[in-house]
Amino acid sequence: MDEKDIRVLLEAVQKGRLSAKRATERLKNLPFEDLGFAKIDHHRSLRQGYPEVIFARGKTPKQVTAIVRGMLRAKSSHNILITRADGKMLAAVRRLTRAAKMHPLSGTITIRRNNITHGKGLIVVVTAGTADIPVAEEALVTAEMMGNRVEALYDVGVAGLHRLTENRAKLAAARVIICVAGMEGALPSVVAGMVAVPVIAVPTSTGYGASFGGLTALLAMLNSCASNVSVVNIDNGFGAGCVASVINHL
Amino acid sequence: MDEKDIRVLLEAVQKGRLSAKRATERLKNLPFEDLGFAKIDHHRSLRQGYPEVIFARGKTPKQVTAIVRGMLRAKSSHNILITRADGKMLAAVRRLTRAAKMHPLSGTITIRRNNITHGKGLIVVVTAGTADIPVAEEALVTAEMMGNRVEALYDVGVAGLHRLTENRAKLAAARVIICVAGMEGALPSVVAGMVAVPVIAVPTSTGYGASFGGLTALLAMLNSCASNVSVVNIDNGFGAGCVASVINHL
Amino acid sequence: MDEKDIRVLLEAVQKGRLSAKRATERLKNLPFEDLGFAKIDHHRSLRQGYPEVIFARGKTPKQVTAIVRGMLRAKSSHNILITRADGKMLAAVRRLTRAAKMHPLSGTITIRRNNITHGKGLIVVVTAGTADIPVAEEALVTAEMMGNRVEALYDVGVAGLHRLTENRAKLAAARVIICVAGMEGALPSVVAGMVAVPVIAVPTSTGYGASFGGLTALLAMLNSCASNVSVVNIDNGFGAGCVASVINHL
Amino acid sequence: MDEKDIRVLLEAVQKGRLSAKRATERLKNLPFEDLGFAKIDHHRSLRQGYPEVIFARGKTPKQVTAIVRGMLRAKSSHNILITRADGKMLAAVRRLTRAAKMHPLSGTITIRRNNITHGKGLIVVVTAGTADIPVAEEALVTAEMMGNRVEALYDVGVAGLHRLTENRAKLAAARVIICVAGMEGALPSVVAGMVAVPVIAVPTSTGYGASFGGLTALLAMLNSCASNVSVVNIDNGFGAGCVASVINHL
Amino acid sequence: MDEKDIRVLLEAVQKGRLSAKRATERLKNLPFEDLGFAKIDHHRSLRQGYPEVIFARGKTPKQVTAIVRGMLRAKSSHNILITRADGKMLAAVRRLTRAAKMHPLSGTITIRRNNITHGKGLIVVVTAGTADIPVAEEALVTAEMMGNRVEALYDVGVAGLHRLTENRAKLAAARVIICVAGMEGALPSVVAGMVAVPVIAVPTSTGYGASFGGLTALLAMLNSCASNVSVVNIDNGFGAGCVASVINHL
Amino acid sequence: MDEKDIRVLLEAVQKGRLSAKRATERLKNLPFEDLGFAKIDHHRSLRQGYPEVIFARGKTPKQVTAIVRGMLRAKSSHNILITRADGKMLAAVRRLTRAAKMHPLSGTITIRRNNITHGKGLIVVVTAGTADIPVAEEALVTAEMMGNRVEALYDVGVAGLHRLTENRAKLAAARVIICVAGMEGALPSVVAGMVAVPVIAVPTSTGYGASFGGLTALLAMLNSCASNVSVVNIDNGFGAGCVASVINHL
Amino acid sequence: MDEKDIRVLLEAVQKGRLSAKRATERLKNLPFEDLGFAKIDHHRSLRQGYPEVIFARGKTPKQVTAIVRGMLRAKSSHNILITRADGKMLAAVRRLTRAAKMHPLSGTITIRRNNITHGKGLIVVVTAGTADIPVAEEALVTAEMMGNRVEALYDVGVAGLHRLTENRAKLAAARVIICVAGMEGALPSVVAGMVAVPVIAVPTSTGYGASFGGLTALLAMLNSCASNVSVVNIDNGFGAGCVASVINHL
Amino acid sequence: MDEKDIRVLLEAVQKGRLSAKRATERLKNLPFEDLGFAKIDHHRSLRQGYPEVIFARGKTPKQVTAIVRGMLRAKSSHNILITRADGKMLAAVRRLTRAAKMHPLSGTITIRRNNITHGKGLIVVVTAGTADIPVAEEALVTAEMMGNRVEALYDVGVAGLHRLTENRAKLAAARVIICVAGMEGALPSVVAGMVAVPVIAVPTSTGYGASFGGLTALLAMLNSCASNVSVVNIDNGFGAGCVASVINHL
């Protein structure tokens, strides 16, 4: 259900074809569809401009499929995004729709129902190393599914500054930058110092020993000496994609 | 030095009044003024649209004054912002300029040199409790000094939802929201679920015991189930104000 | 052994059919049955109104079966509850009694020996997300086996407040609420603000990155700004069910 | 404002002396009184049976006084409780009302406006050591101000079990027990094993070295092998008193 | 090599059959046998009264076998103890000597070469629960191999004090007590309060959630309010057995 | 009250001068004297051979004095030990008895009532550095007050092994060693490798940065590769003195 | 590309065979080869004297092979080092070059293209135990591939000082020492006290319980009381080898 | 005592003026002078080329003075360095020698007894911000007192790369670099990528909130993606100066 549907409903009320009471009831009941174990929030896309999203980890394949079925049933034109999924889930979802596509590095499944780009500028996703790419991919796919133009710039960590400075143009082209790094998490500080746009920092669990599963990168990013940096959870490519998209739609 | 100055300089080169070599030299030397113990970055305002900022904690009053003097000497029209300062610093700074003004809850000193509003929309700063106001004030003052319209909404914590829902209109008016909370840090999740704009979450060291100086609020905000939330450091009102302003200038 | 058995024994003493000394000896020996590796506490149900409970993790299937056999031998009418068990244990226990039933999401095995409801009111178990259901199930099953009426309300996290507010009636019907959430653990604060009954908060290890296996949710709940909230261990559905039941029997 | 006031208002509507619209407006505006920096929640006592409470730490004396003035202005008969206050605040509050009384160990200020006992049973507050008494006092005073009968049992730590077992009768008399302990936090497990009522465990920051400001006691209590234990924040005597009172009013 | 061997060598020197220089050389070289990847410390048993010990985890089966072969070659009468071993290691060691015996709960392999009891009193090993038995077994076997009389007392956790108080006699018989507990780690405090002998506390990784792999029990034991308690590493049954034995040999 | 008193009382019963019932009553009441805020455990010295001890931190001077008065009233011959006290407490205690003596580095107050040495051997207290001496002094004074011969060996940290090896004789003379160290806490491993007696390791909060108030030393000691080491809390000189004394009395 | 290549290029410019502009272009493009997912930094060996290195963990075998192919294509004479690899990667790499050799304990693959020793002195790698050897091997292999003479000294932990003191000569021969230890991490302090050269300390994840995956050893090493010690990440044999080599080339 | 003194002594032995036994005795006694509470290590300067050093924190002014007196008495020509001292200590030390000089930012006192430069190259000390200067000063002074040429480069944090790149020449001139930074601790990675010499990273406690007293900077530096970086303790300017000096003397 989107804005048009709501307009139609309200006009029906205006023209007396629908009582205010029943319209109220229907609008009130609309926000979510109750599957018992889950409540699909069809309204969120309306409220927040998001695709419909399923965080698959911690859910059974059966639960994921039931939610997807509910989303497809709603016949909206919003894209569907399933994060942290695996091969079994893909197989199950593909039995519902052939449009389901797996992005293997990040375990993201996408079901495209529109290709409209409404984000205003370019979102650039930068990584410090090769091992950070899966998280970057999740961010990229998320931002794309939310209607943004995106571009990637990989393996430009701070110990070899020339790799970064030679790509200055790409950074300058961005309206929002997502900066993905593990280990010491220094990349966002350096990148943010080179631009005047918001930088969303994503720590990754890349590394070992005292990287403590991404905690070090997270803490470093929170202490960035650059002041156009804000941070999301470790490995949270999805969140970074969302935040970037919300900003890019302003 | 701002864009106009640079244009003037470049035209001088164009017209042959200044050799390319000397112009290069001058531009190269411009970025910062070296005081030995500190390098004032006059260019950052140009590069990033920031006021000139001094983080006073960890600096001696003498160092702070020297930096302010350098900034005033530059005769730019940028505002000057000194964060985490105390009464002694205010006294010292006021000997340099009567324009210095203390915001006592947050220990921020401001030196206004222009009153232009170039941020596009409204930034709303929300707090969960009264004890979060000092951090909120730092964010408010920062955003204001960077040319934004700002508004405050205080003491609307999640255990009394009606306080929040009754101010829904104020939230809806915002282009960017800064959400300041200590203790369990739940406010950003709830606020972010009510709007479709970016929410910058600021954990505060408010609380005691297992709040661990703001760590709990920080972790909670990083794990927000709302996906339009990004986070800055504990008590970092300045950072939140900057990020919000950078977004609001897009 | 329950209160009736004790009364019979004491009457035997009164009527001179049993010497005080032997009765003392017997009562003294009653509290537990010593299996060497474990001491079954038959008295606890008497003392605390609990079913007989086995925490299976860290025990071998052989040890679990031996304890169940001891409990069945005692011929009491108390229900038997085995938490954190697996399929092998179920198979082994079912060889002792066909009444054993597995609740697969939480790995709980129940052996019903009575169906009496003596808890005074309704216990409602609320979850923030679908991934929290296994812990909620453990709480539900525990509370049921201890003689309480229970009801579930799943997937009502705080980023979509309408899902919660539309179920206000269900919350209002509860005498005790168990609130299960991972990630930022904000649900108990919001729920507790909507009711005037005790809320038992259960953090779950749901989440990733800076959720640190449930630590974030735990800390958030301990810092709840609502003051009718108390907390149990991460993933401790059993404990929450017990506490709720003890309260509901007051 | 309490239930009676609301009934009066609704009857005025019923009898046509007040339009529904204005009544709605008034009820809607009632929940809190907006002081700008704080929103007094007059409705909470109605919703949750609490006294009006101010957490003083992090507030200026001026802010505390303004809130108390607002509470007194409301002319309700609810008790007023100010926690974590100091001598200066007492002096300021006493200028508003001579009824203000300081409990010096815990820094609690109470303003009694009624003496009614509506809690159903006895709340017993137990401490492991002498150094835990300030937190226990906060719990005691809170529970008393909320209309409960309370009793104290101090310095009965587990390394001298006889001190505890000789007070078994006092424990048996309780409907709810609050158990306050620092250091290894073992007391709640032992006490809870001796009774069949809910035990609210309060870790204290008593101790040194690896007690880590109460963290050790907190963790120990969360891992209690007794299953009628739930936990509140470190040093949170107020929270424990509230939870105990809410339970005691069931 | 033991004291007798050394006496023989020294007498040879006294009688002139061995030059002082060569004797020195030999004694100097004796302390350890260098296998390259490991240095077997044959002298330690002499210096400290220990059996020869191999900590198997982190070593390859091949390395373990090579060390055992070196120990057997030394033809001393000391017992050999291999901790944290697995089935493969047992098979390999049994090819060297049929005397090797596996203790399966703890993964300890013992090779008895003497049965002498030289410890002065009884060492009692107490556990809070059944899941703590593997660690207790490691302590028991270690103390036994070091020449001590040992006894076990299992599953006497503090939430059912009667299980503990009914075994008071067994505790009173001990010269040293080893106290093994996970979860809240409260047992050592209670046990130590009942006796006047040293209590060695061993935290175990038993538990889940906020037990943090035994950290909670460890911290609790370090903060014990009983002052005859000292602590070893989490799951360190071997260390506890050693410390108890060293004390029991005084 | 000590063993002799009890014998007298029991003989009175035997000779019929005291009824069993009254004797029971008296013995039952003896264990502690209830001051309300504290319960003095006169029996502990009997049960555990300890002096009467007051941990002063967290108690008011008034509370400390009241406890000392109760101890003095009991007219036993046990020594009295007050740890973590300050000058004010000394002044107050000296008004009760001129025998009170302050040990200023550690803030220990002692009241000698006997000078008997019943510990069997020598306790040596070793420190890594000069800054560890206050904790060592607390251990020394405690062990002395409990009837042990003690000796100190200070400033023999492991980065200058010769300081340690040259004092090998002193170490060899000890029946129990207390090893006090901050920073990396390596001393106990090295010392324990040089002797065959129990080593009680005491981490201190000496150090800065990543010593985290003694946590590093504590963790290091718990992971000691020497197996005759057990550990007490950070800065817990008192506990180390107690454990050493209990061992030295075996 | 190495210094000679650059000289040739510059001479071509000097002699007019290459325009300055094109030379600039080529030099600018040289630093790295862009594979999209990775940027091979051919210049680093020139800038820093390193071999070309691939950190394999977190990369797919396909990515690793592609990078190796790029390195081989560059036809430089630098050695190639792949750390944290597995058998599959070895197989894949061996299809590119038969020179690839696996070091199985550490999972390091080396491709030798020169055997020159240009480090000035000897690097000695010391371990506390046998379980630390894999990390030591990574350090040894790294230092060797970077052109240094290396030697190993294994299993000389501090609880048996004689093992260390008898190898004093080996330590004295070193120009740089790498010191690898888990558990309490005390070895670097003792070793550093015996020599006057830099000691690079490498904590390992060897140990269990409160070793917390090497954190304890790391913290201990950072707090070393010896002042010629600096530290690298847990298990970072590669880093230690690099630092030692860079020092050894001074 | 230095090498010359030892040579003299040995020649006396050679020439028969001193018996080997007495010479041995004297050398054996030389290493340290025992003040009871401290053992001055006169030999360390000989063994390790250090000045005589006192870490003042945790020592009383009286203890510091006594150690300085012992050092001065030894009449060696080594410099004396007192770190973490305060004004009172300076006053006390100046009563012993007028040569004592305070470096106020770092609280270092120096007593120069020679001005010889024997370090081979230049040590450059770099800081990220002005607040890091106190720690940098401690490193600078330490390195200078150990006979090195030193230079400072302050306030060149990574968010303004131009400040760093414009000082490339200064970095290139260094034989060893000390890199001091708080907050996100990113500077060492960037600096180390620009040079081929060893970089000693010093985290500082500069910052607030999630900088956790320097922990974040420490962790970031340990995870540096540059491999010529090793790390010392938080705020450990002294250690960094020592390590750099030891390297610079190779």
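In this document, chain identifiers A, B, C, D, E, F, G and H correspond to the written order of the chains, with residue numbering beginning at 1 in each.
Note that a residue touches a chain if its C-beta (ideal position, glycine included) is under 8 Å from a C-beta of that chain, and two chains touch if they have at least 3 such contacts.
All values derive from a computational prediction rather than experimental measurement.
J.: Out of curiosity, which chains are bumping into both subunit B and subunit F?
T.: The shared contacts of subunit B and subunit F, listed by label, come to D, H.
J.: What whole-number Å value describes the gap between the mean CA coordinates of subunit D and subunit F?
T.: Those two chain centres are 38 Å apart.
J.: As a quick test, compute the distance in whole Å between the mean CA positions of subunit C and subunit F.
T.: Comparing mean C-alpha positions, subunit F is 43 Å from subunit C.
J.: From the C-alpha centre of subunit A to that of subunit H, how far is it in Å?
T.: One centre to the other, that is 50 Å.
J.: Scan subunit E for residues touching two or more other chains and write them down.
T.: In subunit E, residues 129, 160, 209-211, 215, 218, 222-223, 233-234 touch at least two other chains, as defined above.
J.: Mind giving me all the chain pairs that touch?
T.: Going through each pair of chains, those in contact are A-B, A-C, A-G, A-H, B-C, B-D, B-H, C-D, C-E, D-E, D-F, E-F, E-G, F-G, F-H, G-H.
J.: What residues on subunit A touch subunit C, complex-wise?
T.: 28, 31-32, 36-39, 41, 43-44, 55, 57-59, 63, 203, 205, 213-215, 218, 233-236
J.: In their shared complex, at which residues does subunit G touch subunit F?
T.: Per the stated touch rule, the residues are 128-129, 157-161, 165, 183-186, 189-190, 192-194, 207, 209-212, 215-217, 219-226.
J.: In the complex formed with subunit A, which residues of subunit B make contact?
T.: 47-50, 53, 120-121, 175-176, 195-198, 200, 218, 222-223, 227-234, 238-240, 242-243, 246-247, 250
J.: With touch defined as at the start, can you tell me which subunit H residues reach subunit B in the complex?
T.: Touching subunit B from subunit H are residues 129-131, 133, 154-156, 160, 162-163, 166, 206, 208-211.
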